[in-house]
């Protein structure tokens, strides 16, 4: 009996496996090499990746991460060259450059560079502009479900009101959320003074009762489903939530918001360097960038694309944060390991 | 109330209780199956927008998802074969022979069973990282075999408990060598234990999340693909695939039950 | 064991037990040893590991905040175990002792859900309990409530998820233990005049103790490390030791600290196993 059972199981399993393998081998045999990209969740549309695969015949393997630190950990843990493309934010680009973890980009291959607004090239975190190419950016804005919340919210500080107990969704990102707390007190997101950090910690812990959910991947889900009525989220997530539920509005904090700009980089030892260059150049095409913005409406540094998007993008404050929000805002900067340890303790205390 | 009436109320209460527990166990499954027919295209795919079979068709376009399922199958089969071979040999060997260090091996065997999976996961990640073995299919299989071997050994051991060695003696006396004895005599007797262990190894491998999470590199297994999707919203094609797998499993179980019952009837000399 | 014992010859023994010994040494012993060593290391500015002995990690982990999380993990694990036991015992008893011809089917019905992917089943609970989920929509449609119930993303939801994930590990050992109960003993007890409750208390439960203990341990220990349940259903605000470890090996980038946490978890596990053995628990029954 057992023999029959085992042979039956093996038969069924082989059939299933062959079908599934068949699906994947056909793809790789037809391809002209592969590309391993490591990107933020909810950031690169599948349609765009498929477009690249069809255009070049290169197979793209996508892995995703939820925070910069997650990305750094995985890149360090894997063998060198495991990933061909990564997507670090501003401060993380600088950290990776300092640690010698990035390859220089071949400017000759990036022919579409004219599409990127000059204001975004050669940023402070990559002064020579040789290691990164801006992709999308945005603001850590506030989302308010005006149907459920009658009060006017104008600042990060307003979120710390105990009456909003268990109704807030915040980013599961310790620099972002601790930074938001610091901003709400008029302090810098990159505070290092231990006395001030102690004050930030006290205020941060009051958030424990107010936060219902920590989510860096898709905070809009909680807003759309109604599980949360307030949010501290990526601006495009709020924009998408607003489209699903018109009661949801975006508010930019009066204290000055958390800003970010994400970039394409190539880690050291990448095995498919040429394919990586082709990919980055493809992502900078006006049409591609437009398609990206239509699915994930973040701040787009590609001026050729924003021209194509028109007023639907430029006049939407959630998709295209106003200039004064950008000028008042603050970027995250790198901190030394001792200070990071303090931030880590704060975060552990909060999430318990 | 008469004694019979009390008994009947007791029995009904019991049946009701069991029904409630089964409902509890199957509730999420019902949700998954129903949602596989959800005619929705917008994330997070939670509100019901109508009935459709579309997702079952879209499933076969989703090469990444099917690929991950294929990976899981390959790993499960490789794991089962390797773990069963190593485990069976070890169980029989440990039963027959006395040697130094037997107690150490015994204790080491309990570690993957008792310790929380996360510790196994990070320790294997550390090992692979230090020895520069690139994370992928290979490390996944190695990791899965590591936690499967003890289960195979325990199952075979349970079967060895009442083992009568004299058959083997007889076989050797009649001229068969050790290898022939092992394959023709020992293994068939142990077959139910080996089968149980193999089945357990296969099942554990199919659904492994935590250990795979740390040792997979960029290779996606089905559970890890689901984990990735949960972050952005589970599209109903995953529900469709899960439903198909569930149906397949139920059919397999029903079939094997039928076969075993037929065999029993045949044995009883019908 | 009957029959003449085989002579101890090195070759067959080595061939049979060699592979598993090597495997265990390389994939279990060595990695754990390495984790132990790493727990005494520290990091430099570039997040690379420095091999200089230090107790810093353990000092950090004795901080009040961490102790609070250990306690929380133990409480959640304890609640999960107790609830699993309470729910599973009557259930296992009824199924194991049923005279219905569908007994095998009933048994299979317990196991089948667990052949579906566990992550997606946990996600199913999220779909069911959300503010716009099945339960709330049904209750509102029936007019029982007007505002959705706040059921998701709390510590209670985490416990629910843990119970759901781990209940088969309680049911199966209990089932095995209960099936071995001799019916005659129960009949004798009733004949001697004992009430049903007394029979349960004095006969059934002590005789099935082995099942209770192995079930409890198979639920309690994994509970400490099941980080994805507290992530998906808890909303990230009911962190357990498993979450701490996961964080240090991922975004925290601090493998030494994560290793120290793992050693603490192993220590807790070993203590629980010792307790289990003291209560007469049988190690063999844990793996079958």
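Lettered A, B and C in written order, each chain numbered from 1.
Note that a residue touches a chain if its C-beta (ideal position, glycine included) is under 8 Å from a C-beta of that chain, and two chains touch if they have at least 3 such contacts.
What you see is a predicted model, and the numbers here were worked out from it, not measured in a lab.
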Any chain in contact with chain A as well as chain C: B
Chain pair with the most C-beta contacts: B-C
Maximum centroid distance from chain C, chain identifier (CA atoms): A
Approximate Å spacing (C-alpha centroids) for the pair chain A, chain B: 36
Distance between the centres, which are taken as Cα means, of chain C and chain B, whole angstrom: 16
In chain B, residues with contacts to at least two other chains: 46, 125
Per-residue multi-chain contacts in chain A, two or more chains: 77, 225
Shared interface positions of chain C, touching two or more other chains: 130, 132-133, 249
List of chain A residues in touch with chain C within their complex: 67, 69-70, 72-74, 76-77, 99, 166, 172, 174, 208, 211-215, 225-227, 336-337, 341, 344-345, 348-349, 351-352
Residue ranges of chain B touching chain A (in the complex, touch as defined): 42-44, 46, 63-64, 66-67, 69-71, 73-74, 76-77, 125, 129, 132, 134-135, 191-192, 194-195, 198-199, 202, 217-218, 228, 231-233, 248, 252, 255-256, 259-260, 263
Touching residues (chain side chain B, partner chain C) in the complex: 14-15, 17-18, 21-22, 24-29, 31-32, 35, 46-47, 86-87, 89-90, 92-94, 96-99, 101, 105, 108-119, 122-127, 130, 142-143, 145-146, 149-151, 153-155, 157-158, 163-166, 168-169, 178, 196, 203, 206-207, 209-210, 214, 222-223, 226-227, 230, 234, 238-239, 242, 245-246, 249-250, 253, 257
Chain A residues touching chain B - in the complex, by the definition given at the top: 1-6, 8-10, 12-14, 16-17, 19-21, 23-24, 27, 36, 41-42, 61-64, 66, 77-79, 82-83, 217-218, 220-221, 224-225, 244
Chain A contact footprint on chain C (complex, rising order): 43-47, 60, 63, 65-66, 68-69, 72, 130-133, 148, 150, 152-153, 235-237, 239, 243-244, 249-254
